[in-house]
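Shared between the two complexes below is subunit A, which pairs with subunit B and subunit C, respectively.
On to the complex of A and B.
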């Protein structure tokens, strides 16, 4: 016991409860070791690696278009943003100006994906809370977004919208599609508002989530948290403001205080109307013209880096091009930097709340699992 | 005693148990399909699935022996559970009231306590693979506490079952004593007779308060949401039942359905003065109450998150206090 006390620097730990890599509360395989004393978590360790696929290694030497398609397989939830960012790396390196209409369509897809990711987060959060009714109802709302994504991309998970120079011809938005998107946005806005009203006025839910697993602003910055989880601690940071394609759109960056489960859940609820706002503006002002420019020429480049604001936070892609092939690809997903916060959030809380502490950071371990780290000895 | 009376009584007891069993196997389906699934806007399982088809299916599955220090005792516990519930129901039937001591509230409380203790044993005797760790300290992955005693998820649920015995069952047991205080007797026969003379306990202030407390106690005993900390999906998953396979799992399902009916029948006896008896129209009231309780409970469960002890303690304490008020109200 003394050894434990010394190693942890915290309290004496009685036992270890291990959950995972397969557990019904976890959407993806990971292992969490909770070191507990009387059901209160004193320390936590999250281990990933069960789903490692080494996509960067597979991308090595592939033609850039093929490698870009592969990045979409990194994640089943934020597949679009991966291929978008990977394509942007090539476009930056090759100095390609994409048509304005293509940029708008990419933004629409990006925001639709954010909607579906945030709704999934809310559904999963409610499921872990034990509120299956809310979880089911949110899945019902999310279905509208999934159908819109399928309509544009032709698929519910892998949309393949972005290509170097614009978007695929099949993703063109005609009048019928635009009308359906408009109707979808009206429906989601109404239903999410209804859900939000009921959610915040439910005393049982508020008692379960208020003040649970908070991450203070200072700790969030120290742990390099990103995305909505960072904004829920009060840090005003959103990479969309720095992305050129978002310049034509007016939207607010929401920040909340506390960084607890309540702040995180409400952060997603409040970001949904902002995404709807962006989509409506994009549809209203959708420029005419082509959606793809295929006149670019391949050339060798140095290491090119690109950051985007994915639904879960800051997403990084980089590689260099040699004879049209990808070399030295690196991908860093938001969950990679949020793992530390997940571990931190659990400490001092009940075991049942620990899963909430992990879920509040919107983990996507399948994304994270493909990251590789090379340490030079 | 005449032979015809013995035959009449035996037929009444057996018939009542059979009817109760037939109704009870539909209760989990009604709860999950007709209420929860409708509220949650999903199709839900077939009505026969949770109570009938699932136990039937499990009954013919291959038994997988769990990793348990006492596997025979572990596997016997669901059977013990169903037998105890059967005994509770048996003692509610008027034909059994001649067994005076066993047909008292004290006996019912004792049997319900055994039912609760079974959860503690179930959790203690199970070692599921769900919480297994590597046999070696994984220092290589940066483990900060490599030599800590490892605990299983079932141990956790066992601990929770123990805590529930200590405080979670208070509301139900306090509510059971409201009719006792009104009738001035612990015997079920006397409580029924009192209500036949003075009207149901439910139609009094103490009775109404007692019924509310009883209903909360019913939900806690059945581990319904929000009181399902014993089998929370976020951590202990199915808790004590996790490793039961084949016919043993089937017994746990049947026990749950039958316990639902039995607690409904117990309410009818204590608060309405109508014991279950196949040879009386009163059995319809028993069936109605047994149906009403899961429906109300499903409504409440569908709109509640799971309580941790932080919420559970104050709720249990508050409801118990209400129960005490109900008992005090019987003296007014």
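On to the complex of A and C.
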């Protein structure tokens, strides 16, 4: 009798499950350690640093134009917002007023990039859920955005739109391009609405994602989560309202409650129409005039800081200018602060939900791997 | 010939390894193989994440310090015959990360890829275009046949 009790009693051993840096479930190289008891995750640890390239050190001492185009190479998903913010740092320091038309074109590019990033998130999320059909459908919608980006910037991924004083002459929007953007927006709006209908009315998917890996509002604020992942927990925060270039546009900041996988996925679905709304307004009211102001002069500046709202959260760039060269560059990307949320989301849930918990915060570890010190042992 | 080897002989499995680039090339490669527009799967080119199943290894990125050993391990785990495609400017010559200061060697970047493992096909571009990825995959296929 006693022996039976012993064998049925709780005799749980904590097991460590390690994935990475190269693992089938992870597209990007990172390392996850899950400490598991009875298939429940007790603790999680995410380590980045595998693809450290030292971009900020390479930027040190480069001419500012060259350094700006290098910031675009920090990330292949949100490349435009990096160069946009880096150029804005120089413009703040040198007190350059950019033409209104250039500001509109930058906003159009920024929102197109948000569309493609959100669609990529939805596709990746559905793939992790195991619903490959939806993932393929979304990749099909995303292809329209990529074609528009290629049409304006000349490249599908790194388009280098912003330069100091405006936008590159190649990115001028003529009648034909505006017409194509209009058609693209109609297509995306229709297809995303169709997708959203089918996604929400699918009971299998809804039961899989509802209440999985929630992040409460208080914890999200404590962990300094940013971007759509923060808005999905119910905090009304969007840096686009504070950015000057977004002043002429009318858009809603959407917040949802819960912060679970469902709220995060729906957050992106609901933000897509808002981005389309901004692009439509920008095309409709696109002012005339030049797109580049080349009358500025280089001078030395103090440390300049700039924040923008990237697709994944708030992005920070800062440097100072010395004889036209960049000194002391600092970049802080959204995924850096969202890593805490990823770890928090996994804890207390079943191990099969761990990958969803990480993916729900829209990780981009390539962005994050820059300023990590390599310690020689 | 068993059923498995029969079907394996008629399909090409591509494994994507990411060694520290900017993510742009990777998404374009996944896009060119999976997505409905380019859809290399219709030519029986499949994406796999298991090196023991793979025939073709696609490497992107400039190979950072921590990725050198895993890359060699993955290359050795792939059974013969195998082919390697280096995709993107970083994989070909180190990209902006290696050459920005001219000839000063970078401590973080161990690439380009052909210093570490033999490369059979090269796909240029920053980031690579899906059309180029498909033609690069086609260029690497004869390597798989001749080794038999």
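Points to keep in mind about this one:
Note that in this section the second predicted complex is superposed on the first by the 358 of 377 C-alpha atoms of A that agree within 3 Å, B and C clash if a C-alpha of one lies under 4 Å from a C-alpha of the other, contacts with A are read in each partner's own complex, and residues count from 1 in each chain.
Keep in mind that, in the parts below, a contact is a pair of C-beta atoms (placed from the backbone, for glycine too) under 8 Å apart; a residue touches a chain by one contact, two chains touch by 3 or more.
Please read these numbers as outputs of a predicted model, since none were measured by experiment.
Aligning the two structures on subunit A places subunit B and subunit C in clashing positions. When the two complexes are overlaid on their common chain A, residue A:33 makes contact with subunit B while staying clear of subunit C.
By the document's definition of touching, of the two partners only subunit C reaches A:364; subunit B does not.
Once the two complexes are overlaid on the shared chain, A:336 sits clear of subunit B and of subunit C alike.
After overlaying the two complexes on the shared chain, residue contacts for A:308 are found with neither subunit B nor subunit C. In the superposed model, A:83 lies in contact with neither subunit B nor subunit C. Once the two complexes are laid over each other on the shared chain, residue contacts for A:129 go to subunit B alone; subunit C is not touched. In the superposed model, A:105 lies in contact with neither subunit B nor subunit C. Residue contacts after overlaying the shared chain place A:22 against subunit B and subunit C alike. Legend: residue contacts after superposition of the two complexes on their common chain; A:256 is shown touching neither subunit B nor subunit C.
Under the contact criterion defined above, the residues of subunit A that touch both subunit B in one complex and subunit C in the other are 22-25, 136, 140.
Subunit A makes touch with subunit B in their complex at residues 3-4, 7-8, 13-19, 22-25, 33, 35-36, 39, 43, 45, 47, 126-133, 136-137, 140, 202, 204-205, 207-208, 350-356.
Every residue of subunit C that touches subunit A in the complex is listed here, in rising order: 17-28, 30-31, 34-37, 49-50, 61-62, 64-67, 70, 74, 95-97, 100-101, 106-109, 126-127, 129-130. Touching subunit C in their complex are the following residues of subunit A: 21-25, 27-29, 49-55, 58, 62, 70, 73-77, 79, 120, 135-136, 139-140, 142-143, 146, 155-158, 364, 366, 369, 374. Of all residues in subunit B, those touching subunit A in their complex are 36, 39-42, 130-133, 138, 141-145, 147-151, 153, 156, 159, 225-226, 228-229, 232-235, 237, 302-311.
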